[in-house]
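Here come two complexes built around chain A, the first alongside chain B, the second alongside chain C.
Our next item is the complex of A and B:
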């Protein structure tokens, strides 16, 4: 039972407990108001929902105290807040909007939190995931391909992103993004120097060597396969953006991003010119109010805009909107449904909560010492931001509408469980980042690193503009310090 | 990698900024445009789906309520508990609230209050935001007195016409009856097709008026027109109050002053002779006092008087009553018409027209409310109060949100002129053309009017106030093309008794 005893001298996580109470109170307040505005009584199952959510939130809190006592204390309450608000929203829509089902949503939320606890228990050190780099790649690709298998995948509302096992459906892409983040982190931490330093400089851009392009081509192909085979622009954009983002994190080479964006744009243009459904998506995006589109293809987008406009600054209040007017108000368009009832104020608050989660994730990526951890934490935080951008950007017409779900808010098991796993990993890495370490801290011993790296590849240093892997700069804290990173550098260069 | 992580966090920041801007754009900047978009059915659903406040008459009876229903609209607007009779009685006031987007009457003009959207209700909205309670509309309490409304309705009987009762001291509209009326419940049905069909039928309906000589004559006003404020009629001899006011105010005449009352009067600048009603002589001497001229409604005397006052004086008096301007009671009222003030090519303000206007003929047209306002001004010592229908507004917690303070609208003439006019109008009811409007024990002042816009079936009027020494009510009733061109059918025998019934209900003992 020693493993269930908190570490000595570890923080008691009081701040987290207090914030959890606040988050749960807000969620319960939301459900309470839903009930009183719709039926003038406590909503059915109010206490069940409240107690289950509170119990799970505090179980996670205790698990963190036991297994990751130094982990970030804001992330969990922030996510619980989002989950509780979505609970209230789904509860409000249950019985009004077809397929909105609060009890299922509760079940999946509970499962998500339980899985998060299991992840925190099982993965004691995020670095152990690095061993799974190529396993993760295979798992990721298999997950992406699954919906394309006849009989398993099924096309729903134009996109083939679901697989059906018996009566239950799973959206494998949600899990694939975690697998890809692990794979990219493992792959890039091993190869980043080759990617960054070898190659020619053309027009001021550091271009990679052709043979180093292999992995990026694979990811590009996967993304295009998703785009074409599954007709899912959102997931495609998510994977590709994740890869380009992490590539940039690892190499600091804008050239990669430019190449990546050009390749994606090229693929997208080709897809646009070939596939009518892609053309339609673009037309809907650019010309949503076209009378020929508004009653059909762009109906959902336009109804979402109407819903948000109706919400205005302060919203119509819980129960005051018309979620039944907006197709998929409980999943893909929950952002619009919340905007209708909680208004601009509510949506900005929710965006800020997401921003807190993402920025905390990035902050811990900076804080953690090993390169793999940095890339994984940075990648997971970025993929969440990107997913939010693709979903909300699609609804608010920044980009064409795609079929992604809002993390922690949309009703849907895959999305909830997968994103809770993301949070568990983020918390795990934050624990490593904030844990007092016997190793030297930032700055110390960092100086010699460039010399080791720079020696054999003097040409690379030249093109690198005198900032070889930026180890000596202020941001290079810890680099070359952990044995892990140091070997990477040597390995990468020697190859 | 830390520097790239920092740069990436700036990228993330930018992405979030973009989302916040796009969300703000939709919910704040473009919200109005989106809400008004023709494809957006939320506007009508939201106004209908809200717990709209009730419309209440004096005494607390609710004549329009929102009843919860199990459909998309959430609430059914219901008038007088859905009973066609009482609902029709108040229809000109309440208007109706159609799912097809048409909203009229108080429903339309007090919508901000009823829907709980008025700026003065911001505190309630803030409370709702915090408590999450559904926004509730405010109740609008009217000045309408149900007893008088019913009495006026009953007094008009089956005739086409209108009756309006004012409190001359405040301007409060105590009764507003328009006939024929309609059942607002039918056109407010949630079955949008049925509601649209019913509305179309009512809009196109032209009620038959004055079917004399076997020939049907149809009113230009359908049952959905509020005849008291949105229909104009030639005021006929009731306009002699205004002519008298101008003669007394501007020409210094007194009720006892002798004026010419020829057997026939040749309109200036023409060879057209105009005689008196039925061709009778007003006076064997062809002279009479101003009081007698009004008492017996002598046309030739007033043709001459209007000519004496002249175009400028008559126009000034008409304008000083505010008859050329629209009122908001809160419904927008129609403006009156007078030669030279209408504008346009057909606006003939020749001397002949001015002379004819002295007896309320020619191109003079007024709403029943305006005719009532003439009496109200006389009753209130020349101080014309602004007519209003909304007494007070209370929010859903019954807290007073606003209350109408009576305000002076115009002062068309002095208090001494008012006294002189009162004396003359008393004579009309006591011993002149309006004796049928008498109420036992109460001094009634008034004036009849028979406007021969159609020689076979004139428009009949009565306007007046009572009690003369302490006026409580000022009324006007119009019977649309009801009479026949004989003395018996004139206003004195048909309209005055109707007015008498209303006076009895208002001030009877």
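Our next item is the complex of A and C:
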């Protein structure tokens, strides 16, 4: 493979380029309308934002053409669209809402895309991550524990999830999410058979053996530690959900989901009965409009609901809402702020864009050939879907509100960079999944194999008579797949 | 900016947003029609995209007839349930690691038998195995036509072609 030339026969990625243009047009249109509806002029820095975003998006596009030419063509434009929409929203709030800062957001978006390009350049094959299985576990646990270290972590708005290095702050849990996904994929691909098959059957459920449960208990303990030590409901739910989801992907045992849900329910009830902040969250959720709560704890949630109601079906238009009424309208409640200005129609479009990203991740989990890649892609897609559910569910009062961020939309460097890394990994796996190969995909039915020379049809095999041994030799030599590949097919059958 | 222009722009923006979503979904629809086409209906005119890239090498032998068997399934023996997609190059069965279907079975020879298509019909051929290849009670001599659903006994395993 040449260093900097697209591979021959690789798709030109036209669909991606066209969709990118539409996505960038939407971003620029949003910023343009923000400026014209607020001040009747181009917003300050309009061209800087537009040009930087466009340049980065197309740089990523070119990196994909060079380094992952078969990668999915929809993921990148979808993510760029989300990033552009959040850019417009935050630009709209800059100067109106305290702490909303479009130029910082641009910087973080740029860093996110740059890191994604670096990941695509450095990781040539996602299977190389498998070697880092246990390193990833250690890194993940360290990242999770960092905010608990006195002096490094600090409690902000009731949750201790940030670490401060100098003047900049990082939310390490976002990166821990990726490390855990890598660890779970590597661990489960090696151990899924023991997890799926060993152990006793109780009440129709295949229960795993205690010693196989070790890492699961570690993860459970880590997520409990997050819950107790950092008072962060969302992240603990995310880690545990990620693990249970990936266990199910790996073993295909519904029993794991049952066990996971029971453990989660138990943990939730215990947390609810012990911690006052959990009780408060539940009260806010169930009784948001209670006059005693509206002026205090549930103010943000209720304001978010009012904002979305004001948006209605078609929204108030860019610049038409009142984001300053909703606390944290640029980060935790950006979903409500967008709902106010784009309405239900816009929110549903955004949810569909997320759905497309998640669907692509799961689709490539099916398509990719190695078990590690399947689990990693499936896990990353699942964790994004879960995070989306937890955030949007919290804002729309379907579940209690937690402190997670909406991927690619909320202002916040850690979340943006971490999710761009997730996307880079997804693109890398999708390249492996869609790359043409002589091997049929597991479980899928065969395409005509590119048999090279002397396939059975070219030799004259006399039906009925025949020279068994010679014909056999020919069959061995003439198959389109090499011996190693052939063995792989058979191994591939083990699920 | 007048109220009317603003309203039009506001709604036009939402339309463009949905144009993006729908065109993304349109790109995805190709995938649904992608490599999983098995029954009669082939992918429309080889759409651009990796899945449709023609196989290199050219002049590849035709795939087994449409509507014919698409997989080889192990129906008895230690590997029961194992499925191998059929390709035009046939399936080599035996104990040798180079076989397409590797049997860990003392009763099978290292290169025991092969199953391959020719002229729209599938055949099984015993490759001079020690213990023989059987269809029912009958030992396979040389090359014999093999219909889908007919079990072929190789060592302790039975394989059959399935649609």
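Following the convention adopted for this analysis, the second predicted complex is superposed on the first by the 437 of 495 C-alpha atoms of A that agree within 3 Å, B and C clash if a C-alpha of one lies under 4 Å from a C-alpha of the other, contacts with A are read in each partner's own complex, and residues count from 1 in each chain.
The working rule: contacts are C-beta pairs under 8 Å (C-beta built on N, C-alpha and C of every residue); 3 or more make two chains touch, one makes a residue touch a chain.
In this text, all values refer to a predicted model and were calculated from it rather than measured experimentally.
Q: For A:58, decide between first (touching chain B), second (touching chain C), both and neither.
A: neither
Q: Is A:70 touching the first partner chain B, the second partner chain C, both, or neither of them?
A: Second partner only.
Q: What is the contact status of A:11 with respect to chain B (first) and chain C (second): first, second, both, or neither?
A: second
Q: So in the superposed three-chain picture, is A:121 touching just chain B, just chain C, both, or none of them (first/second/both/neither)?
A: A:121: touches no partner chain.
Q: I'd like to know which partner A:398 touches here: chain B for first, chain C for second, both or neither.
A: Once the two structures are laid over each other on A, A:398 reaches chain B alone.
Q: Based on the superposed arrangement, let me know which partner A:22 touches: chain B (first), chain C (second), both, or neither?
A: second
Q: Contact-wise, after the overlay, does A:359 reach chain B, chain C, both or neither (first, second, both, neither)?
A: both
Q: Looking at A:272, would you say it contacts chain B, chain C, both, or neither? Reply first, second, both or neither.
A: A:272 contacts neither chain B nor chain C.
Q: Considering only the touch criterion stated at the top, classify A:46 as touching first (chain B), second (chain C), both, or neither.
A: After superposition on chain A, A:46 lies in contact with neither partner.
Q: Show which residues of chain A both chain B and chain C reach, each in its own complex.
A: 33, 36-37, 314-318, 320, 343, 359, 363, 475-476, 479
Q: For the complex, give me every residue of chain A touching chain C.
A: Chain A residues touching chain C: 9-12, 14-15, 18-19, 22-23, 25-26, 29-30, 33, 36-37, 40, 70, 73-74, 77-78, 81, 314-318, 320, 342-343, 345-346, 349, 352-353, 356, 359-360, 363, 434-436, 438, 440-441, 444-452, 455-458, 461-466, 468-469, 471-472, 475-476, 478-481, 483, 486-487, 489-490, 493.
Q: Please output the residues of chain A touching chain B within their complex, sorted ascending.
A: 32-34, 36-37, 245, 248-252, 289, 294-295, 302, 305-320, 322, 324-325, 339, 343-344, 347-348, 351, 354-355, 358-359, 362-363, 365-366, 371, 374-375, 378, 381-382, 385-386, 388-389, 392-393, 396-398, 470, 473-477, 479
Q: If we count contacts the way the header does, which residues on chain B are in touch with chain A in the complex?
A: It comes out as residues 1-9, 11-13, 15-16, 18-20, 22-28, 30-35, 37, 39-42, 45-46, 49, 72, 125, 128-129, 131-135.
Q: Which positions of chain C touch chain A when the two form their complex?
A: The touching residues are 1, 6-7, 9-11, 13-14, 16-21, 23-25, 27-28, 31, 35-36, 38, 48-51, 53, 55-57, 60-63, 70-71, 79, 82-90, 92, 97-102, 111, 114, 116-119, 123, 125-128, 142-143, 145.
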